[in-house]
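Several structures are given next for inspection.
Note that chain A is present in both complexes that follow, paired respectively with chain B and with chain C.
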Partner chain A sequence: MDSLSDLLNTRKERRLGVFLILLSLMLFLLSLFVGEFNLNIINIIEGLSKDNYNIDSVVFQHIRLPRSLLAIIIGASLGLSGAALQGLLRNPLAEPGIIGVSASAALGAVLVFYSGLSLTFPLALPLGGITGALLSVTLLYLLAGRNSSVLTLILAGVAISSLAGSLTALALNLAPNPFASMEIFYWLMGSLSNASMEHVWLLVLPTVLGWWLIFQSRHALDVLSLGEDTASTLGINLATLNKKLILGTALCVGAAVSVSGGIAFIGLIVPHLLRPLVGHRPSSLLFVSAVAGAALLLFADIIVRLLPTQQELKIGVLTALIGAPFFLRLILNSRRAWAS
Partner chain B sequence: MIFQRFFLLLIGLYTCFFSTVLFAKPQRIVSLNLCADQLLMELLPPQRLVGVTNMARDPDISFSYQKAKDYHAHSGRVEEIIALKPDLIVAGQFTSSASNQLLETLGYPVIKIGLPYTMAGIFEQIEAIGKEVNAEVAAGSLVNNFKRRLAVLNKKKRQAPLLRAIVYYANGYSAGQQTIVNEILNVAGFTNIAAEEGLIGVAPFSLERLVTSKPDVLILGELTNNESSLAHRLLQHKAIKEMINVGQVEKILVPDRLWNCAGPSSIAAANYLIKLP
Partner chain C sequence: MTFNALKLNVSVNKTPLLNDISVEFQAGSLTGIIGPNGAGKSTLLRVLAGLQETQSGDVLLESTPIGNISKKLLAQKISYLPQSTECHWPLTVERVVSLGRFPHQTGAYLSSDDIKAVDDACDKADIAHLIGRPINQLSGGEKARVMLARTLATQADIILADEPIASLDPQHQLEIMTLLQSLARAGKTVILVLHELHYAIRYCDKLILLNKGLKVCDGESSSVLSTQNLQNIYAINSISGLHQNTPWVLPWASLDKK
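So, the complex of A and B:
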C-alpha cells in the first residue's frame, strides 16, 4: 500500500483507488470468461502443462487473455492521457480522440503497417503510432498553446483530426489490398477483437515508459494548476514538464492506437467523473483515471461481445455512443465559460 | 389484287425487319463481371466477345487468366464500354449498378447473371447464357464436359466417413449454406462445418467459433501470404496455429481463383481439394 499512498493523497482517495482496482480485477476475470464458447476451468488449468494442452486453453491463452490484457493496458493509457492532457493544457475538453491525437497516431500506424515496414521489424508499428501522436500533440501545443480558450483547442483538434483521417483514408486507398476501405473503419473507430499476445508484447514497453513519464510529473501538474507564473516562481521547470507530458502521452496513446485503432472518449469521460472525488487535484486524478479507464474499456469490451450483432460491433462505436452525449453535456455546461 | 399483293409484301417486309431487330444474334458482346468473363471466354472467340474486365487477367483472382490475354480488357468505365460498340452487355447481379443503369438508359441491352450455388445451377446458367449469346453448341459441349469430369470425380472421391472441413477467409468470414464453396466441398466429399452450424452465405465466423469447431481440415485462401492487411493478419493468428497443432488439423490452401466464381473453375476446385493427400 506504500506506493498507493504515494500516488493518492487522502484516505478517501485511497479507498476510491482500492475500490477501482478491485472493480477492474473483477471485470478482468469476467472478461476472461465471456464469449461465444463456455470455457471449462479444469481444462484451462490442465492445459497449463504442455502434455494436456487442449482447445479450451488455446481459446483462453491466445484469444481471451490477450484481449483482456489489451483492454486493461489501453484503457489505462487512455484514461491517464486524458487526465494528463487536461492538466497540461488546463482545458477540460482535452482528450486524445477529440483533439486528434488518436487519429494522428492511427495515420502513423497505417503508414507503417501498409507499407510493409512492420514486417521487417515488428516494433515499427507502435513506433509509427507514437511518431504520429507526438507530431500532433506538439502541433496542438503550438497551435492552441496553454491558457487558450476551449474553442481554439477543439477547433485545432478538429482540423488535425480531419487532416489525419483523410490522409489515413488516402494511404489505405493507395495500399494494394482489397480490404482497405473496410479497414479505415477499424483504424478510426478502434477494436480489440482478434488481438493476440504479440500485440501485448509490442505495446507493453512504450506504454510503461509513457506511464512512468506522466506519473513523474504529477506533482508539477498540481503546481501548474495554480497558473504558469506561480508554477515557475515555485521552481517548476515548465519546458521540461511540457516535454515529459507530451512525450508520455504520445508514447502510451501512440502505442495503444497502433494496436487497437483510435478508441474515443474514454479519456474524456473518466477524468470528468472522478475529478470531484479527488478534490480536483491533478496528481491524484492521474492514478484513479488510469484504473477507471481500464475498468471502463474492459466493461465496454464485455458488452460488445454480448451484443447479438452478426459481426462484432467495433468497440469505438460503443464508447462513442456513451461518450458523445457526455461530451455534449460538458459543452452545454461550459457555455458560459466559452462566452468569455 | 395489286393492292392486296402490295399489302402482303409490306407485312413480309415488316416481319423481316422485326425479326432482324428482335431476334438478331448479338455479335459484339462485352462482359462487365469477372464471373461472366470466365463463362463467356469458354463460349465465344475474341471476335465476338469484344471486351472482358481487366480483372480477368489477374492470376490471383481469375481462373482463366491465361485465356484472357487473347481478349481485349476494359476498365469498366462507361465511356470505354460504349467505345467498344457492344450489342449485348453481360453484367453481374452486383456490378456497380450506376453504370448498369446508365448503359440501360442509353439503350444498350444488358443481361445480368446471378451466382448459382449448385452444380445444377451452373449447368442451367451456362445453357441460358449460351442461348443469349447464340453459342448453344459450345454451351452444350461445355456442360457435357463438366458432367463427365464430375462423374470421374465422384468415383475418385473419399467415401464415408466424411471429413469435417471449415473454410476461413480474410477478415474472419466463412462460407455456409447456399454458396458455391459449400457445394464444392460437398462434391469433393467433405462436410462443411459452417453450413452445419447454420451459417448462410459468406458471413462472419468468429475466431473463437473457428478454433472450437474441431475440424479435420482447415481450408484457407492462398492470399494468406499478403500480410500487409489487417484482414489477412487474422489468418496468421496464433490461436489458429495452435488449433492446427492441438487438433492435428490438415491445412489446405486453395488459390482464390478456383472458387470465387461458380462455373468452369468449380470442378477444378473440387479436383484440387481431392488430389491433395
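So, the complex of A and C:
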C-alpha cells in the first residue's frame, strides 16, 4: 500500500498539467496553419523579420495569430471559471453559459455597443461584459449560493438567462439599423472569426486579473467542500472568498464574452472530464481546467475551419451542439440530487 | 488555556435562543452540553466556535474576545465538528482529514508535520483502514469518524463537537467517547453537545444543562442529571445506579400526559 505522503502528494496532477500544456501548444501551432489559405513558414519569417510584407505574413500576423491567441485566452477563462463556479457553488452543473453569466455578459456588451459607448473608448466593450457578468453572478449567488440544491441553481440560472436574453432581444428589436442588429445577432452566436490583435489587448488585462483572483482562492475551495461552517472554523473568510471568486469569474467571463460572444459548455465539459483525474479536488481542478479549456477551444476552432460548410460554422454553435447532449447526460446521471 | 463565555445573548429574527448564558471550561476536562430539543445546545456550541453572532456577551479565549483574534489563529486553537458529515465532492479519506491542517498551512504543500498529524488522527479515529477510499462510499458511521479525524488533525487545544456519536453503533460510540475522554485527560478542552444521557453521565467531567435558552445548572455530571432535573426539565422518569463506581442513568418513562 502507498504511504500517506505518497497518497497526499500531487505528482500525478502535475503530470496531467504538463501533458495538457503540451497538447495545447501542439493545437496552438496547428491552428496557426489551418485554414483556407495555406501559409508558408519561410514567407512568414521573411515578412515579419524584414518588414517586407507579403500575403503570408499578413494573414499570419493579423488573422491567424490573434485568432489562436483569443482561443487560448477565452478557452482558458471558460474552463477556469466553470471549475471555479462549481467549487464555489459546490455544484457540478454550474457553468457560465448554463447559469446565465454569459447571457448577462452578452447583454452588457450589447448595451455598450448599442449605446455607442464602445466608439468613445475601446475598453467600454469588455467593461460592459464584465458589469453584466458581475451582476448575474452576484444575483445567482444570492439566489442559490447558500444551499447547493441543483434545482435552485438551475432555476435561478434559467431566470437570469431568460431575463438577459429578453433584454438583449429588446435591444435588437429596437435597433434603428437592421444591419447593426444582424451584426449583433451573429456575434451573439459566438465566434472567433473576427479576431484582431486589438481584441487580444482589450482582453488581456481584465482576464489576467480575473485568473489571478480565482487562483488565489484555490485552497479555500477545497475546504469549502466541507460546508460553510466547517470552512469558516478552519479559518476561511467566506465573505472575502465569495467576493474574490465572483469578481474573478465576472472579469474573465465578461471580457471573453464581450469579444467572442457566448461560447457555451466549455466550462461544463472540461471540469467534468478532468475532475476524476485530480481526485475531485476543487483546487487542483482549476489549473488543468484552464489549460484543457484552451486546448478544447483551439480544437473546436480548428474543426469549424475544416468543416466543409458553405459559411463557416460559428464556434458557439459547435460547442452548444456537442455540449447540450453532454449536459443532458449529466442531468440524467445526477437525477438523484434533484430530489433533495 | 482559559476558555469561557460571559453573558451571552442570542436571538434570531427576534426569537431569543440564548439568554444571559455564562459558562466556563477547564483545560483537561470533558464538558457536555445537554438539554431537551430546542434548549439552545447547538446554538451555544456555534457561538463558542465563532459561527454565531451574539447580541451581547463575549466568548473569551485567554481573556481575549474571540472576535479580536485572527481567523487563522483561532482556527489553530479551536476546532469544530458540525453535526452534518457533508462533503460535496467525493474526496478520498486522507484528503478530507488533511483539510484539518489548513489552519497550519502556508502554501499548498503538506509538511511532514502535517502528514504526521493526519496519520495520527486517522489512527485515533480508527479509520486508517479506510485511507484511499472516496468518502461518498463510506457508511454514515465511517463518515462521522472521518470528520472526527479531520477535527483531530488540527491538533487544536479546544475541540467542539456537535453530537459526535449520533450516527454511530454502540461499539464506535464507546470508542469515540473514550477517545474524547482521553484527549481531555491529555490536557485538551473538549466540549460536546450530547443527547445520550447515559454517555453524558458516564464520560463527562462536567455538564451544562440548558432549557429554552436558559442555563438551568452546571456542575458535576451526576448532580446535574439528578432525578429531579430529569423530571422537571426533560419530563421523564429515570432509573439510575452505580456500576464499578461509575454512575449510570436510564430514561424510563415520559411524564408528559398529553
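Here is the rule we use: the second predicted complex is superposed on the first by the 321 of 340 C-alpha atoms of A that agree within 3 Å, B and C clash if a C-alpha of one lies under 4 Å from a C-alpha of the other, contacts with A are read in each partner's own complex, and residues count from 1 in each chain.
Heads up, the rule we're going with is that a residue touches a chain if its C-beta (ideal position, glycine included) is under 8 Å from a C-beta of that chain, and two chains touch if they have at least 3 such contacts.
Worth saying up front: this structure is predicted, and the values here are computed from it rather than measured.
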Which of chain B and chain C A:308 touches, first, second, both or neither: neither
Which superposed partner A:180 touches (first chain B, second chain C, both, neither): first
Partner chain in contact with A:35 - chain B first, chain C second, else both or neither: first
Partner chain in contact with A:53 - chain B first, chain C second, else both or neither: first
Chain A residues contacted in one complex by chain B, in the other by chain C: none
Of chain B, residues touching chain A in the complex: 170-172, 203-204, 206-209, 211-212, 214, 226-232, 234, 237-239, 242-243, 246-247
Of all residues in chain A, those that touch chain C in their complex: 1-2, 4-5, 7-8, 10, 90-91, 148, 219, 222-227, 229-230, 232-237, 275, 279-283
Residues of chain A that touch chain B when the two form their complex: 35-37, 53-55, 58-59, 61-63, 113-116, 119, 175, 177, 179-180, 182-183, 186, 193-194, 196-198, 310-312
Residue numbers on chain C that touch chain A, as the complex places them: 46, 49-51, 71-72, 74-76, 78-80, 82, 84, 86-92, 94-96, 98-100, 102-103, 105, 108, 110, 112, 115, 118-119, 122, 131-132, 134, 147, 150, 154
